[in-house]
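Next come two complexes built around subunit A: one with subunit B, the other with subunit C.
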Partner chain A sequence: MTVNYGLYVPKQSGIHSLHPLTKLAYLGFCLAVSWVIPGTWTPYLVFLLGIVPLSALGQVLPNILSGAFKAVLPFAISLFVVQGFFWPEGTVLQQIGPFSLKEEGLFFAIRGAGRILMAVSTFLLLSYTTRPDELTLALGQLGVPNSIAYVILSTLQIIPRFQTKATTILDAQRSRGLETEGSLRVRARALLPLVLPLLLSSIVDIEERAIALEVRAFGRQGPKTSLLVLHDTPWQRLLRWLLLLAALGVIVWRIYAALAPRFLS
Partner chain B sequence: MDRLKSDFSTVGIVLMGVGIVINIAMGRIVTTLSLPLYLDSIGTIFVGAVAGPWVGALAGIISNLIAAFFGNPANFLPYIPVAAIIGFMAGLFSRYGWFKLWWKFILAGVITGVVAALISAPITAYVNSGVVGTGMDALTAAFRGMGMSTLQANFLQGLSTDPLDKSISYLLVYSIIQALPNRYLDRFPRAEYVR
Partner chain C sequence: MIHLRDVTYFYPRATVPALAGLSLDVPAGQFCAVIGANGAGKSTLCYTLAGFVPHFYRGKLTGQVEVAGVDVPAASLAAIAGQVGLVFANPFNQITGARFTVREEIAFGLENLGVPLDEMRARIDDILSFAKLTELAERSPFALSGGQQQRLAIASVLVMRPPLVVLDEPTSQLDPIGSKEVFAVLRDLAATDEATVVLAEQKLEWVAVFADRVIVLHEGRIVADGPPGDVLASGDLTQYGLQPTRYTQAARAALAAGLRRDSAELPVTLEEAVEYFK
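Right after this comes the complex of A and B.
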């Protein structure tokens, strides 16, 4: 079956063949550590020690680095300006005209960008190394219904086709004289003629697609057989539980450390 | 319970998928026209209106999950609760007959926008350290410069865009419902509330 798999990068690697839930548990653990343990540079350290080696093993390191860079850059710029220069008070590091760069704000911005880096890179590492159908099958093992898996997988496949359809409508409307460039008013007036044909045609298709599914026993109750079989091992199951416990442990420890001085003193 | 089962019928499930696709395609059209709006919850609102709050909320959740694949994950994943509330509220507005008069659509959009701003402000402040990674951050910076906390600045920034964005989204949903023949509308689980 050749279908569009979203961000999936097909490679043969140990990371690719891990059970999706094992990866999910590991990434959740990394995310918890990077967010919960204090320190300006903690998220970057977790990224270097936890995400980079695994990305290299999974042969997706260039993808992770460029993907994370593209996603984090706009946030990093905004953080540097908003929190670095508009931090209410603190040690002034640099004066630029009426604005001053404050040390506290700068460190807050660095840590904030690091946390976004961790959130983005964990998501990307999972998406690059896991086929969406394997991931939804694994979620099914956690009790997520089959119909949800169907919605996720079908939309992932429809979206590229739908975007082609949007371009076709855009071209068609332009060729009969619709202005799509110019002042805000001109562009706003182009919205309805573009949106309505696209939305109406897709909504009208719904019934046909539902019937097509119904005749293939989509709504049937009871167990279903999957053509896809997930590879799982006892040690992976053990590892998942250990990672889950470790992540919970870090979070509980942090809450205790934050609350204890208030109640014990 | 029976109601929920009929909401999640095969038509309801397919509708949810189409709603999600509409959300993501709208994001693309808005970028093409470079409009200062998001309009990326039109599908969620439509699903909530014709299939009830639970299908609407789920459409919002999956929509943000999928959007993370096609856009910037940091702009979508943390805001999953906001998307869920938008779909849920659309279901409630429809349940109480607000999807029958055009001016109630605008009112519903404004209320949704205020609620969305209320919920997204703490997410922006605590998860993304106060920024959204777009030009809107200039507004946050201005509010910060006036001495506000990050949370206050984020709330006001949301309030300056969300109510307008959501009321235009609701108006677009109104025009979809008006343009759809009853023959198609009637297939949806809660069609009686909108026609």
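Right after this comes the complex of A and C.
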């Protein structure tokens, strides 16, 4: 097994080599626009113009499309059913037995699904094109506490090991005659001999891990350095500020537009 | 380097002390092995030297604990971190998981200490070759064998250059090949004379080869202390739940069978045994 960077898809691309904060600022801007600017189709437009081209540049477009589709579909279906049919009142488009599909509800569902699509696809685009340790390093330089970086990174690496351990215990118990397949009751009964050793060994593990981290001066205050060096450029710094300002501008404009009529009247 | 005076320690809710009036002085540069049966207090002693007793395990500690000029019970764990390096049995649990390659894993402690980048790179290259990990530097730490992971844990601690290195049965969870790899690194460490080392260990044959001094712990007390040749060949070992090395056992058997007469110096290592049986 070589190095496993979680969702990261190693590719040589301009998007991959951007500073993580530049990507974060850009995706934050896209997200703000898609959520804040009114219009049923706004999120889809932002997705097409803002996310798809960058995904293509980053050579992760197929990953984004399939990942976003899988994640958004269940939400989209439930939104469609709940909002489409249970919208209190409005233009009825279609009558199905006692249920009526209403136009307002349908549009609400489409917009809601679009927002989820944007949330998922921005997260995926960032994750696919950014090494997690580069992201946490960049966040750390912004002042995000070290412990958060630790939780993100170690979770990415230790959870898969945890699964291996669970499989080992399961195999061991099975070889002692524990039945793990069959009816729900059989499987439920198999859970305890699996969970208990896993839990007990995990308590010891966590204690030892805490000690090991402390030995490596993890709890030390004061300036830290980094073996990993992030590549940054002046124009990226400028771009980040502009994107941040633009995102704030969109949000402020939206709040103003919502409140102004009330103040004026 | 180490100065312990009348150290008594109770784990929380324990009625029997894990360390009972223990006094110990270890000068800088010494390689000191601590042996003793399970439950003798080896791990507790290691944790005391590294400050986890009492700062992590709590409980009640009395007496004086001074390590590398630091008053351990009074100092914070963060202050002790650069001074005492601790390696323990389970190699997997010593991998932080916060770094993705062997090289970066070794860097973790240096990053936390704020070591400048150039110095960090040089120190990492040195320690990679010392622990014979250079070829694995860009691999995932989780892809290594147990012995390799334990060498990584040792390298990750040594690279911080702590004045005192404490190892708590570093090979007890390794297979024979992994153990051998780790002992090879420890032997090199003993040869450098730079660091002061305390090694808790049950494998006496290895202890005999490179320790300057052997201490026997029994029920939280030091019951024997001296050069390996004296302590390991002593007849008292079994009384403390320890098995003499097979070389000593063989010599003693030869003695009992009347094959040998000189009971003065029993061998404890292979080399000495070869000499003895000539």
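Simple rule for what comes next: the second predicted complex is superposed on the first by the 237 of 265 C-alpha atoms of A that agree within 3 Å, B and C clash if a C-alpha of one lies under 4 Å from a C-alpha of the other, contacts with A are read in each partner's own complex, and residues count from 1 in each chain.
Please note the rule applied: contacts are C-beta pairs under 8 Å (C-beta built on N, C-alpha and C of every residue); 3 or more make two chains touch, one makes a residue touch a chain.
Values in this document were obtained by computation on a predicted structure and should not be read as measured data.
Trainee: Kindly classify A:120 by the partners it touches after superposition: subunit B alone (first), subunit C alone (second), both, or neither?
Mentor: The answer is first: A:120 touches subunit B but not subunit C.
Trainee: Using the superposition on chain A described above, determine whether A:133 touches subunit B (first), subunit C (second), both, or neither.
Mentor: Only subunit C; A:133 stays clear of subunit B.
Trainee: Would you sort A:222 into first (subunit B), second (subunit C), both or neither based on which partner it touches?
Mentor: Only subunit C; A:222 stays clear of subunit B.
Trainee: Name the contact category of A:158: first (subunit B only), second (subunit C only), both, or neither.
Mentor: Both partners, subunit B and subunit C.
Trainee: Based on the superposed arrangement, let me know which partner A:150 touches: subunit B (first), subunit C (second), both, or neither?
Mentor: In the superposition, A:150 touches subunit B and subunit C alike.
Trainee: Could you look at A:214 and tell me whether it touches subunit B, subunit C, both or neither (first, second, both, neither)?
Mentor: Both partners, subunit B and subunit C.
Trainee: In the superposed arrangement, which partner chain does A:203 touch: subunit B (first), subunit C (second), both, or neither?
Mentor: A:203 contacts subunit B only, not subunit C.
Trainee: So, A:187: does it touch subunit B (first), subunit C (second), both, or neither?
Mentor: Once the two structures are laid over each other on A, A:187 reaches subunit B alone.
Trainee: Comparing subunit C with subunit B, which touches more residues belonging to subunit A?
Mentor: B
Trainee: Show which residues of subunit A both subunit B and subunit C reach, each in its own complex.
Mentor: Common to the two interfaces on subunit A: residues 150, 154, 158, 205, 209-210, 213-214, 218-219.
Trainee: Spell out the part of subunit C that touches subunit A in their complex, as residue ranges.
Mentor: Touch list, subunit C to subunit A: 50, 52, 56, 77-78, 81-82, 84-86, 88, 90, 92-101, 103-104, 107-117, 120-121, 124, 138-140, 142-143, 153, 156-157, 160.
Trainee: Residue numbers of subunit B touching subunit A in their complex, please.
Mentor: 8-11, 13-18, 20-22, 24-26, 28-29, 32-36, 42, 46, 58, 62, 65-66, 68-70, 72-74, 77-78, 127-134, 137, 140-141, 144-145, 147, 150, 172, 175-176, 179-180, 184, 187
Trainee: Considering only the defined contacts, which subunit A positions touch subunit C in the complex?
Mentor: Going through subunit A, the ones touching subunit C are 1-5, 131, 133, 149-150, 153-154, 157-158, 161, 205, 208-229.
Trainee: Across the complex, what residues on subunit A touch subunit B?
Mentor: Listed in rising order, the residues of subunit A that touch subunit B are 6-7, 70-72, 74-75, 77-79, 81-83, 85-88, 108-109, 111-113, 115-116, 119-120, 123-124, 127, 147-148, 150-152, 154-156, 158-159, 162-163, 166, 170, 180, 184, 187-188, 190-192, 194-196, 198-200, 202-207, 209-210, 213-214, 218-219.
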